[in-house]
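Heads up, there are several structures right after this.
You will see two complexes here that share chain A, one where it goes with chain B and one where it goes with chain C.
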Partner chain A sequence: MTDWTLSRRTGLKAAVAFGALMLASGGVSAQQPTLKFGLAMPLTGGQALYGNDQVKAAQWAVDEINKKGGINGKKLEMVLLDTQADPQVGIQAVNRLVSVEKVPVFVTAWSGVVKAVAPIANDNKVVELSVGAASPDIAKLGDYVYTTFPLADVDIKAVANYSVKDMGKKRAAVLFINNETGIPAAAVYRDTVAKAGGQIVASESYDQKATDFTGPLLKIRAANPEIVHLQGLVSESPQVIAQARQLGINVPITSYSGIYNPKLIEQLGAAAEGVIATSLAPGVGDLPAVKEYVDRWQKEVGRAPNGLPYTQYLYDAPVMIAAVFSSMDKKGLPMTGENFRKEMLALKTFDLPLTGKLQMSEDHTVNKPVYLVEVKNGKWTTKAIVGQ
Partner chain B sequence: MLDLAIASQILWTSFATSSYFVLFALAFALVLKVNKVFNFAQAAIMSVAFYCAYVAVRVLGLNGFFGLIACFAGGIATAIAIEYFGFAKLRTRKASPMFVFIFTLIVSQFVSYVLMLIFGTWPTTIFPTMFWPVSLVGGIAISAWDLPALAAMATVLVLLWAFLRFTRWGQFMIAVADNADLAELYGIKKDRVMLVSMAIAGAICAVGMFLYGTRAQVQPSAATELMLFAVAATIIGGIGNLWGAALAAVVLGLVQNSSILFIPSAWQGFMLYAFLFLAIVLFPRGFHWPERASKLKRKTVTTLPASPSEANGG
Partner chain C sequence: MEYIVTIIILVGLFVILAASFDLIIGYCGLISIAHPIFYAIGAYTSAMLAKEAGVPVPLAMLIGAGAALVSSILVALPSLRVSGDYLLIASIGFQLGLIELAKHFHEIGGAGGLTNIPPFLIREVGREAYAVLVVVIAALTVWFVRWMATGPYGRMMSALRDDELAFSMLGRNAIWVKVSVFGIGSAIAGLAGGLYAHYFRFIEPDQFGLLASSAVLTMVVVGGMRTTWGPVVGAIVLQLLPQAITFFGLPPSVLGPLQGIMFTGLVLVFMFMRPQGLVAASDLWRGREGGARHD
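Right, the complex of A and B next:
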């Protein structure tokens, strides 16, 4: 009996100690309410190189928000799932986010995935935020699909207008890849140049599988343009520029965000001088926060992020979501997709740390300034900011 | 738009860039001739060769010579592995040619995915810079890449010709190409010959990829696209005819690039498929050069009947 009493007493003590331990550690945090959002990105597969860097950026933002006290004392929780940048895998991931995790909003990227999961968002009244995909169709995917990233034609229009009006280059030529990346963008470029008072003296395309670009480049050279716009892919654009310079085309060459990376300068050396690209996010020289962000990458990861502008948008996505959650929480609104959508459109404008001001439009597009960057003395330097 | 300066430039650049296409076509045609395989796994050999050179030069910081050695090592090792672990086993199991063909497609895609997982999809080159300085010769821009590339192609062609013509293994390969079972009856080990044939194809691919990767960017799926040109050249040049395939690769490149003088640039890529379509429809068993046919005919021994009655069987 004594043994039993001792044993019971010991048990009670143990229970009290365990309870105290739980209160002091995980027990409290487990009960602390969290506000969840989903993130469906490629963590494996061919696009994982970019996907993982973008996820890291988003995670840094979530950690930063929580370190500063969370959202009105509540922790922001990011539920991360892999899409492999594959529509089918993306559908599985988003189904889980919506049905199991019950998130009111999720972030995803890559046009194929964004489009494939849109019906799930619309049917379940859960907000889908596309962050990084640029297909113009994204604006027409339904009531619950929004983008925080400017869609395709914004930067093409900006660079065409700037070439004619600010640089005074009236005779323009356009060289484009014969696919969905090149054809519509080249049409936008031609129209914009014409409207701005310029003249398209040559419009040439090349095949997706082409490995030599002499023919179209010589036709362009024969037309004697003052500026050449190149709308190609990252895989062949450096070679096109190299061949253009080899063939004596020394006029400025403009392009879009696809060629904006340090490798272009390394690959082309002096031939890269005068190449103008676009960026839809401020660069290191434009915002101190971006410099700090890039420095952090160098310090913690030992390199710059792959696709820097995209990671900036991914960093800003949780910040924007936290602002909407905060407003909903203060108003005591239930955390549903419907309420998130209403509140997001009501707030409309967001000041974001790495990409600047974001204005959500009713037509599901966003207006952002376009940064024109030029290779000067072997470095990408900001040439102009259009549409500020 | 027929301008002499433009036409000359296009002809020169097409000729220079045909160097790697000739090599890819030669490797494909060699395996088809000796091993009797439509080897789409050549894309895997090409990709591995390129990434070995890339690792040697860009990752390990070795110079271009070691990059070329690594390229050879990667290309030859992959080719031998495909023959030893794939084709030889499939021959032993008497797999149908269609099954072997499907196997080559699977190997090509498998290696492409593995390389994608290791190196990502970002395109890259063997050397950090891909810009080659140019010299103007008679108004034609000749880059510092052009002449070494053409010299490399010519060297490979001469070496292969000499190997097939003067070495014992070369003659074994021709014997196996003509009739593998008969060659075996004469004591030639066809499996070894086919292994040598694949190794040589791997080495040729390595030279081609080294040239290509010093001029243009490569990503894991790039070799598959480059292969199409080699297939077209082999079919047009005459199946089983190595030199015909090499010549067809040069002519195809010239015709495709010069076509821009007469047709809109958007139609340029269409030319290759048009040629391929016509070659397959008109020559479903492959194009055979008339010279070769007549040569064979001359050598054929025919026994003429001694008298009309003999001819009638009486």
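Right, the complex of A and C next:
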């Protein structure tokens, strides 16, 4: 049955190619093969809200590249498949991309899927680009797994260093949620503060389902810190901050990209003043291209994208892939995953339209400037840009 | 073709799961949907033994199945002593509780999942060999379930399912039959878990939750409960259908909702059009000799 659909698809492709050949005019020759890359994102299920917006961003970028003449005259083609953000569905999607569509590189996101498909990328020597998942162990998944998105430790390190070195707060306390989001990040925070010459005076955690945080907050208050770092989820963080303020903890509170959200200010009102968060992508005020991009969303879709920074990274992924393809094509290298990896590491630095400079490094992590944002007069404002 | 090999392996694994689940819910009439947790126990036990203790993979898989057997008996013993739906409640509690617990154990990967599980057969012999192994085990499972259901044990299960009181009146030990069937079915699921872990090499707690339960249940219901071929047909159809529709080149705006409603749609259609499933079971117990018996 699969063979039948395969041959049917191949037939269909041949027909399309033939049609394109008939219509071909101008610089783009249809005889030249298209350069393909894969995209495996959640299009259905609970995460589809984000997945679809990210796919739209990637599609815009591909259209833009092709409108400008493609890659040395060749068309860039994106093969899109659904992962439902589910590891098992993701495995099937990526197998399909690798063994049926034969792409040299594919883009995917959501930590579970990124990890589940890593063996496929490594076994077949096809490059997996993780765009958006932040789990620190993504750096250790193998030779063919790279991320274009800074992993969780990048912004935590930035905020910890900034607190100690630039703000001069030597006595720091950390409060974290007792799960995957909180535990590893809190450890990174503690290490960074200690290395920067600060001191951790309290390290407290709360349960995932807690609604009252008085206990850990009182312990933190007793330790008398100069700054408090909160590593929680977007759901309970506002409450934690509100309770901290009620208990008289008036020192600055820092957090990470998870709470960088207009909702926080709506929920907290005046209590949000002075809260510092991080963003891993330039905002509307930082880069004119980002403003244009958000305006385009408003105009064409009628709303801002869900998870704006992530869509910025997804927009930039095809741009980066096109740069590597272009360089491979000029050198006449066969379009294999092995060559893609070599060429990507040789190029190393990419100037991307919506997320700025991207630097690939040997240890499979990326260094990005971290945007520290602070609530001032009821608005998120950029406080500092911390380069790595 | 890795794509096709992987699909064969997934279909095979779901045939094992659905057939062993049919033994529990169909033939024995034990209401439990926590089958995937025993799949998880097998997968995690086997993966951890092979990864951390260097136990040879086949042995690790068998120990995984053993772990599923022991834990299923521990769940079933207290809950099956009382009658009714207690097994359902106890097993769901066990399933969700264990998943939550696994998310907090960093030694087994926590919520982020367990990566770098040692592979088996793939490097030495090839992916096709693994597919053959899975298909052989799936065939053995189907044969074993059929053998159990058509033998004296099947008659006991059938009698127990239809009238537990009458069954006990005949001097039979109902609890023993229920616990042993639950244990055997769960052990088979545990073996499937080991087979999953050493091919896909990544497992995470969330993939063994209620969604997985509903997938296996749908396979058994759509295929046909209490039949040899029902779970097989159900597993094949429900694994291949989502794959097949991606080949028709539909735009994501159509493909997304289509995949979303396919499972629920199928269940609804079958409830109204063919409640007995694709393969219908006969009302009477049939022995190995063929004809219906009224003994």
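Basically, the second predicted complex is superposed on the first by the 355 of 388 C-alpha atoms of A that agree within 3 Å, B and C clash if a C-alpha of one lies under 4 Å from a C-alpha of the other, contacts with A are read in each partner's own complex, and residues count from 1 in each chain.
Note that a residue touches a chain if its C-beta (ideal position, glycine included) is under 8 Å from a C-beta of that chain, and two chains touch if they have at least 3 such contacts.
Just so it is clear, the model here is predicted, and its values are computed rather than measured.
Looking at A:Glu374, would you say it contacts chain B, chain C, both, or neither? Reply first, second, both or neither.
Neither chain B nor chain C is touched by A:Glu374.
With both complexes superposed on chain A, which partner does A:Gln246 reach: first (chain B), second (chain C), both or neither?
first
So, does A:Gln267 touch the first partner chain B, the second partner chain C, both, or neither?
A:Gln267: touches chain B, not chain C.
Between chain B (first) and chain C (second), which, if any, makes contact with A:Val55: first, second, both or neither?
second
Is A:Val234 touching anything from chain B or chain C once the two structures are fitted on A? First, second, both or neither.
In the superposed model, A:Val234 contacts chain B only, not chain C.
Considering only touches as defined above, state whether A:Glu226 meets chain B (first), chain C (second), both or neither.
In the superposition, A:Glu226 touches no partner, neither chain B nor chain C.
Which of the two partners, first being chain B and second being chain C, lies in contact with A:Asp212: first, second, both, or neither?
first
In the superposed arrangement, which partner chain does A:Ala118 touch: chain B (first), chain C (second), both, or neither?
The answer is second: A:Ala118 touches chain C but not chain B.
Looking at A:Asn306 after the superposition, I want to know if it touches chain B, chain C, both of them or none. Which is it: first, second, both, neither?
first
Determine where on chain A the residues touched by chain B overlap those touched by chain C, and list them.
Chain A residues touching both partners: 44-45, 48, 178.
What does chain A use to touch chain B in their complex?
Contacts found on chain A: 44-49, 178, 204-212, 214-216, 218-219, 222, 234-236, 238-239, 242, 245-248, 266-271, 306.
Going by the contact rule at the top, pick out the chain C residues touching chain A in the complex.
These residues of chain C touch chain A: 1-4, 6-7, 10, 103-104, 106, 110-113, 115, 119, 122, 200-204, 206-207, 240, 242-244, 246-249, 252, 255-257, 259-260.
Within their complex, state which residues of chain A touch chain C.
1-2, 5-6, 8-9, 12, 43-45, 48, 52, 55, 80-82, 84, 86-89, 91-92, 95-96, 98-100, 111-112, 115-116, 118-120, 123-124, 135, 137, 141, 178-180, 183
So in the complex, the part of chain B that touches chain A is made up of which residues?
The touching residues are 1, 3, 6, 9-10, 13-14, 17, 113, 116-117, 120-123, 125, 128-132, 134, 141, 143, 212, 215-217, 219-220, 222, 225-226, 228, 253, 257-261, 265-266, 268-270, 272.
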